[in-house]
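Next come two complexes, and both contain chain A; in the first it sits with chain B, in the second with chain C.
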Partner chain A sequence: MATTTATVNITSQDLTPGMPLNINASSTLMQTGTTTGLELMDMGTGKLTEASADDQLFKSLGTADSANYVYICNNSTNTDHYMTVTINATLIGNLGSGEWLFMPWNCSDGSAEIEIQAEPSGTIDYEYAIFKSAWTLPAAGS
Partner chain B sequence: MATINATITINSDIGMGANISKSMNMHKFQSAVGLEETDGLSSKVFNATTAVKIVDNADGTAGKASKVYVRNTGSSKDNFFYVAFNASAAGATTTETIGKLYGGDWMLIPWAATAATTHDIFVAPNTAEEMNLEWMVFVE
Partner chain C sequence: MATLTPTLTLSSSDATTDLLNFSITDSLSIKAPLQGLSTVIADNTGANTIVVPTTGGTVTYFFCRHTGTTNGTTTTTALVDVEETGDAAFARLSPGEWMFLPFCHHAGDVGVQFQVTTSASVQMEYAYWTKA
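Up next, the complex of A and B:
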């Protein structure tokens, strides 16, 4: 069994005067509803060019309502550049230059694909990883 | 301006393995100026499967940058919270469920505080057993 651990540390000394913020959280990522570690992973990098339509980063996995986890990072250093991130055309938020996200994705139905788009112009370097409980290979010719 | 730093580390031995480490400062929209506001860290005990709104769209401002952190502080890998952009917050076929946070799982996402109830964030436990959640919203 593989072991995948995701940890976050959020800190601020000046967000709330006199009360430093220090959040630490760590989780070992398991297959849907089990204590068996995830064993499927895709990761990579890409260049995203501004266009009028979203680009599909993760297609529906074929196993609805499963435990999967997504990491995306906008590696641009231009503060004007941001990426929109959506699920099934619902905007989650805008990922600014140098920013990352990490979230669960249960692939709730066949339309729950994750899409990204570069804004407002130019090309954005990004990196991603997805850790999956299951994956169904697409049918030949699809 | 405040400086809020978030660092993620992902280590995995799946296949050839993965070691991701990335640090970011939370900035205002299209800016190098840091986010400045929060209502603080919230926590709640849940004893029912009823969906509960944890973030209201009015907590942020449309067109501005916001971040949302959520964590299931329990340890059960059987029990989880659905996190969703809808009041039903159920699993399959709803628009739009994000995912499931099992015991110990966390998420940190940018949040578009679109001025509409479509961007309220709800959670719903899968069990009436006692579960605990913490969350924090960072805004401009």
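Up next, the complex of A and C:
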């Protein structure tokens, strides 16, 4: 299994005079409760429009407490454009131009899908990555 | 008003035959209310550990990390749910895991809280800054 490392570094030189902020955190992405790496990585880009109803980025896998990770970035250069992010029917994020998020995604029930929407109008370029514990192919069509 | 610079790096030498080496950074204007890097002991009642007060619909850049300990020294494997203060969980952190996002629930005036999924205690790290 793959070993994938996620690191965040958060800095500020002017938040507190004479005391720069420097936060570092790093973790190796493992399947829940194990030292086994994740199995699948899905990365891509897309265009999101406010009017579209097709805003489900990923369906829930319906797997209890599985470790999955999601990265989403609003690549729009228009500062009026932002994306809302909803997980498990809970609105949690508001990505402005150039902003990103990275977080574990626990898709433990049928409603834990990830939805993204463009606001307030126009088209937003975005990119995403999903790191999954496991993946089962859908049944073949008849 | 100050500037916050978050950088995300994702790397792997064996995920695919093409090396994964990805980095993205941003420059964010921030203002108060804010909270520098802090620790808190979370338990199994979310209302006991509200780490971001109700935001009034503003965007709050939020970072948190599961320390993997109950108190800074004793290790634990207990999982921690990250919830909005209406008790809806949107992430579950294992020991060592972290998250960073521009939190915003502009349809409601809510904050962020931690809730351990068992009766154990877990020490969490967190910080937040309000978007200017």
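For this structure, a couple of remarks:
Basically, the second predicted complex is superposed on the first by the 133 of 142 C-alpha atoms of A that agree within 3 Å, B and C clash if a C-alpha of one lies under 4 Å from a C-alpha of the other, contacts with A are read in each partner's own complex, and residues count from 1 in each chain.
Here is the rule we go by: a contact is a pair of C-beta atoms (placed from the backbone, for glycine too) under 8 Å apart; a residue touches a chain by one contact, two chains touch by 3 or more.
Every value quoted in this text rests on a predicted model; they were computed, and no experiment measured them.
Applying the stated clash criterion after superposition on chain A shows that chain B and chain C collide.
Using the contact criterion defined above for the overlaid structures, shared-chain residue A:14 touches chain B and also reaches chain C.
Shared-chain residue A:68: touches chain B; no touch with chain C. A count of residues in chain A touched by chain B and by chain C gives the higher number to B.
After overlaying the two complexes on the shared chain, residue contacts for A:102 are found with chain B and with chain C alike. When the two structures are aligned on the shared chain, A:2 is found in touch with chain B and with chain C. By the document's definition of touching, both partners, chain B and chain C, reach A:23.
Judged by the touch definition given at the top, the superposed model places A:35 against chain B, while chain C stays out of reach. Within the superposed three-chain model, A:79 lies in touch with chain B and out of touch with chain C [touch as defined at top]. On chain A, the surface touched by chain B in one complex and the surface touched by chain C in the other have residues 2-16, 21, 23, 25, 27-28, 30, 33, 41, 65, 67, 71, 73, 85, 87-88, 90-96, 98-106, 108, 129 in common. Per the touch definition, chain A reaches chain B in the complex via residues 2-16, 21, 23, 25-30, 33-35, 38-41, 43, 64-65, 67-69, 71, 73, 79-80, 82, 85, 87-88, 90-106, 108-109, 112, 129, 131.
Chain A contributes residues 2-16, 21, 23, 25, 27-28, 30, 32-33, 37, 41, 65, 67, 71, 73, 84-85, 87-96, 98-106, 108, 129 to its touches with chain C in the complex.
Those residues of chain B whose C-beta lies close enough to touch chain A in the complex are 2-15, 18, 20, 22, 24-27, 29-32, 36, 38, 40-41, 65-67, 69, 71, 77-78, 80, 82-83, 85, 91-102, 104-112, 114, 118-119, 136, 138. Those residues of chain C whose C-beta lies close enough to touch chain A in the complex are 2-16, 20, 22, 24, 26, 28, 30, 34, 36-37, 59, 63, 65, 77, 79, 84, 88-94, 96-108, 125, 127, 129, 131.
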